[in-house]
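Some structures are shown below for you to check.
Both complexes below contain subunit A, partnered by subunit B and then by subunit C.
And then the complex of A and B:
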């Protein structure tokens, strides 16, 4: 049984076709990222598969049930944007209600609030929350029912670095525990850090890519002589200046060659940091975006 | 039930709701206090007027006494006797005014009511007796009869009457009077009533469309459960979209919570003048008689020839407690009706301001200009339905309380069903 099965799904606004006979099957746990420029229909796609918006055609099944059956939301959650929150209620009010409709004891409220790190402002009015605090509440709401399938629409919006790290940690933990996650995001660097499975949405179609096949590794070197190091490598590798050093695109076996080269020319290496990326490159290829744009 | 409780909590926690609630509450209390102060002022004015009359008649009596003395000294016995009679008459009038002033000042209404009865009875008993007039226009015999019976009931149950802007007979105005020009103004002035007690004030408020106004405020505050959450910026309905329960239940949770709060709001506002009066003049008597018209026979020659018969048309009185009981039951139905209308409107138009203006206009135009049996808005003016005033004026006995209750309830059910179908269609509940 597929965890998520989307078949022949189409949706248009007036004459503008947003989703064009989309097919998608996700069979097992893990994290999938839904990527596309603004206005390509990422939110529409998530809204249609969760039946918030009606599809023009096609079917969606989640955990073997139609998306039109409300009981699926006992095992499926959707983190939407914060316009669904009620400013005059507290975070606790929201979470308790979600517990109530899921017939889950209210002790889960405190548990999930602590898990996402919002216990300090749980009893404050949502109207006084910052953007990041609202994201925490939305995440907590979507975790109340221990979902097997979790949709997240721009979950990293408005998060400070600490919260981003926490969010990534939570998503990885959930995936490790067997949850299937489909998240939409603009933040390609963050996507690189949480998943290698990317769904690009272009012209109403989904393009599935496995990032591990398109991975690019950069090494950040902090060195004693930046100019000399640059001179040595710029002809052979793709390089870029960074403060007190340089960023070089290398494969693992090329790394030793570069280290030896620096030693040979008496350039001291103070620090090396590895950066694995790929989604941005793929994004540029798929959406035909040049560096200058 | 969870969703219903959650919706109730949402309504409770909105600060704007509480603000509007307290403004309305303060408005009603303020209006009661203003009304009370006007009543007291008129009462004091009546006392001052009687005092003035008493002194004026006494002064006239003194002048007549002097004139009498002069006539006696001049040996004109005929003139002296004439002045003597005038003096006695002025003294009597002065005494009467003084006595009335005492009754007014001490609020000894029994005596004053007795005087009214004494002045009205001859009009009824002897049809040849000339009618009472305001300026040069006669007061209808129906009004005289109704006023007399009202006074008799006040006397029987020892009930304190309303304050009126006159020291003469406190007439009960009826639809049978047909004054015009300055006489109409004078009639309205002297028959305008001011209730100082809670029940009386509420009774008067109900005559002034208080009930529909309060219900409209209530639905404006609590009837936006769906519209306020389906805008482009606030998508509260999406909050429920991915929760494991039927969206049909959501409709009823939102509908029922708003309705419950509108009902609560309406009853609290109805109770406000009564509770406030406890701190001032008290609540008054629930036995106060309320005039109910029995109607008039329609003309056999067609509706164009219909005319009220002030001499033969009958009436009866009900007690204020029965009147309030009817108002209470009707309030429930009126809340359901206006709330259903507003709820349906709000599914189409997101702006609560536009919705309330539309519904308010529909209500008052429908109530004022199209008094028909099957027009539900006809029954919004509940005072005129209970007293059968509209039925009498329209020569249509079918426009009555029970018809109104049934009609409003049935129409409310139909409107609610339409709202549900529309909500369900828009939210794809029947896919």
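And then the complex of A and C:
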């Protein structure tokens, strides 16, 4: 049984076709990222598969049930935009409501609040929450029912670095525990950190890509003589100046060659940091976006 | 379902609009009672003033006839003077009985005044009330004497059933319902406008259950408003008002000229007001979920209720039109026989409206 099965799914607004006979099957746990420029229909896609918006045609099944059956939300959650929250209620009120409707004991409220790190402001009015606090609450609401399938619409929006790290940690933990996660995001660097399975939404169609096949590794070197190091590498490798050092695109075996080269020319290496990327390159290829000059 | 209704109540309480409205309504009822309480003396003064006016008018006519008699004596003028003096004397006795606070004599003398005034009018004398009005007053006074009840001022009375009737006239009519509906609209449409409805759409709750729970929570809010208004009115009049024995059989004139006991009137008012409240709220839920916009929904509800209000002003009612029951005082006194069937009509209209709401929204998204 597929966890998520989307077949022939179409949706248009007036004459504008947003989703065009989309097919998608996700069989097991893991994290999938839904990527596309603004206005391509990422939120519409998530709204249609969760039946918040009716599809023009096609079928969606989650965990063996049609998306039209509201009981799927006992095992499925959807983290939506923070505008859905009631400003005049507290975080606790929201979580208790989700517990009540799911017939889950209210002890889960405290549990999930602690898990996402919002216990300190649980009893404050949502109207006084920052953007990041709202994202925490939305995440907590979507975790109340221990979902097997979790949809997240721009979950990393408005998060400070600490919250981003926590969010990534939670998503990885959930995936490890067997949850299937489909998240939409603009933040390609964040996507690189949480998943290698990307769904690009272009012209109403989904393009599935495995990032591990398109990975690019950069090494950041902090060296004693940046100018000389640049001269040595710029002819052979793609190299860029960064504050106090160089950013060089290398494969693993090329790293040792570069280290040997620096030693040979008496350039001291103070620090090396690895950065793996790929979604941005793929994004540029798929959406035909040129490099900024 | 209970949990959904609890959450709706939490929202209503936290936004404070509803609580404020409830408090204002209670304050208004209390204010109305206080005004009536303070104007009790005024009831007697008003009556004395009214009959003194009649007396003065009759007296000036008699003096004029007497002067005319001196110049042009005639049997017709003599007859007019005699009849006028009879009305004048009866009015004197009536005013005295009012001042003495003897309600039985007051009713009897009032009957006598009107009977004599009708005779006086037959010989071309003038009296401020029409014959039809005087006959109605005679009929009412005779009925009151038969039932052993003093006459009440329907506007200023603080007798429990009479004051409750005043409250029905004041709150349970087009404008009272409209104010309540305007307030409750925001609890439906604002959730669409602010997208918070999407929380409910991603929970294991069917749309039909959600719509019904919304209806029930708004209806319970309306019902609590109803209880607050009736409860405070009853409490104030019972504790601080005046009461008569058998006051529940106080006769009210129906439009057809028959009498309806005020007890029966209140019983009908209770049934109609609760059921019409449910119909009005089901209508609000229907338009709220259909239009999803506070201003448009409020405007449509306004046009619908005001349109029907204008129809009712033209005296047009129909047993099977649920909107005929929006002016509760009017429908009870115009068509007291509608009652049981009227309740069935309003109940069916509520159920049908809710079924339509569910059907129209079953496949609709945000």
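Quick note on the criterion: the second predicted complex is superposed on the first by the 292 of 293 C-alpha atoms of A that agree within 3 Å, B and C clash if a C-alpha of one lies under 4 Å from a C-alpha of the other, contacts with A are read in each partner's own complex, and residues count from 1 in each chain.
In the analysis below, contacts are C-beta pairs under 8 Å (C-beta built on N, C-alpha and C of every residue); 3 or more make two chains touch, one makes a residue touch a chain.
Here the structure is a predicted model, which means the values were calculated and not measured.
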| item | value |
| --- | --- |
| Subunit C versus subunit B on the shared subunit A, clash or fit after superposition | clash |
| Touched partner set for A:93, first subunit B, second subunit C, both or neither | both |
| Contacts of A:101 with subunit B and subunit C, given as first, second, both or neither | both |
| Partner chain(s) touched by A:201 [first = subunit B, second = subunit C, both, neither] | neither |
| Intersection of subunit A interface sets (partners subunit B, subunit C) | 50-52, 54, 70-74, 77-78, 80-81, 83-86, 88-89, 93, 97-98, 100-102 |
| Contact set on subunit A toward subunit C in their complex | 47, 50-54, 70-74, 77-78, 80-81, 83-86, 88-89, 93-94, 97-98, 100-102, 141 |
| Residues of subunit C defined as touching subunit A within the complex | 3-4, 6-7, 10-11, 14-15, 194-199, 201-207, 363-366 |
| Residue ranges of subunit A in contact with subunit B within the complex | 50-52, 54, 68, 70-74, 76-78, 80-81, 83-86, 88-89, 93, 97-98, 100-102, 145 |
| Residues of subunit B touching subunit A in the complex | 2-3, 5-6, 9-10, 13-15, 233-236, 238-239, 241-247, 428, 431 |
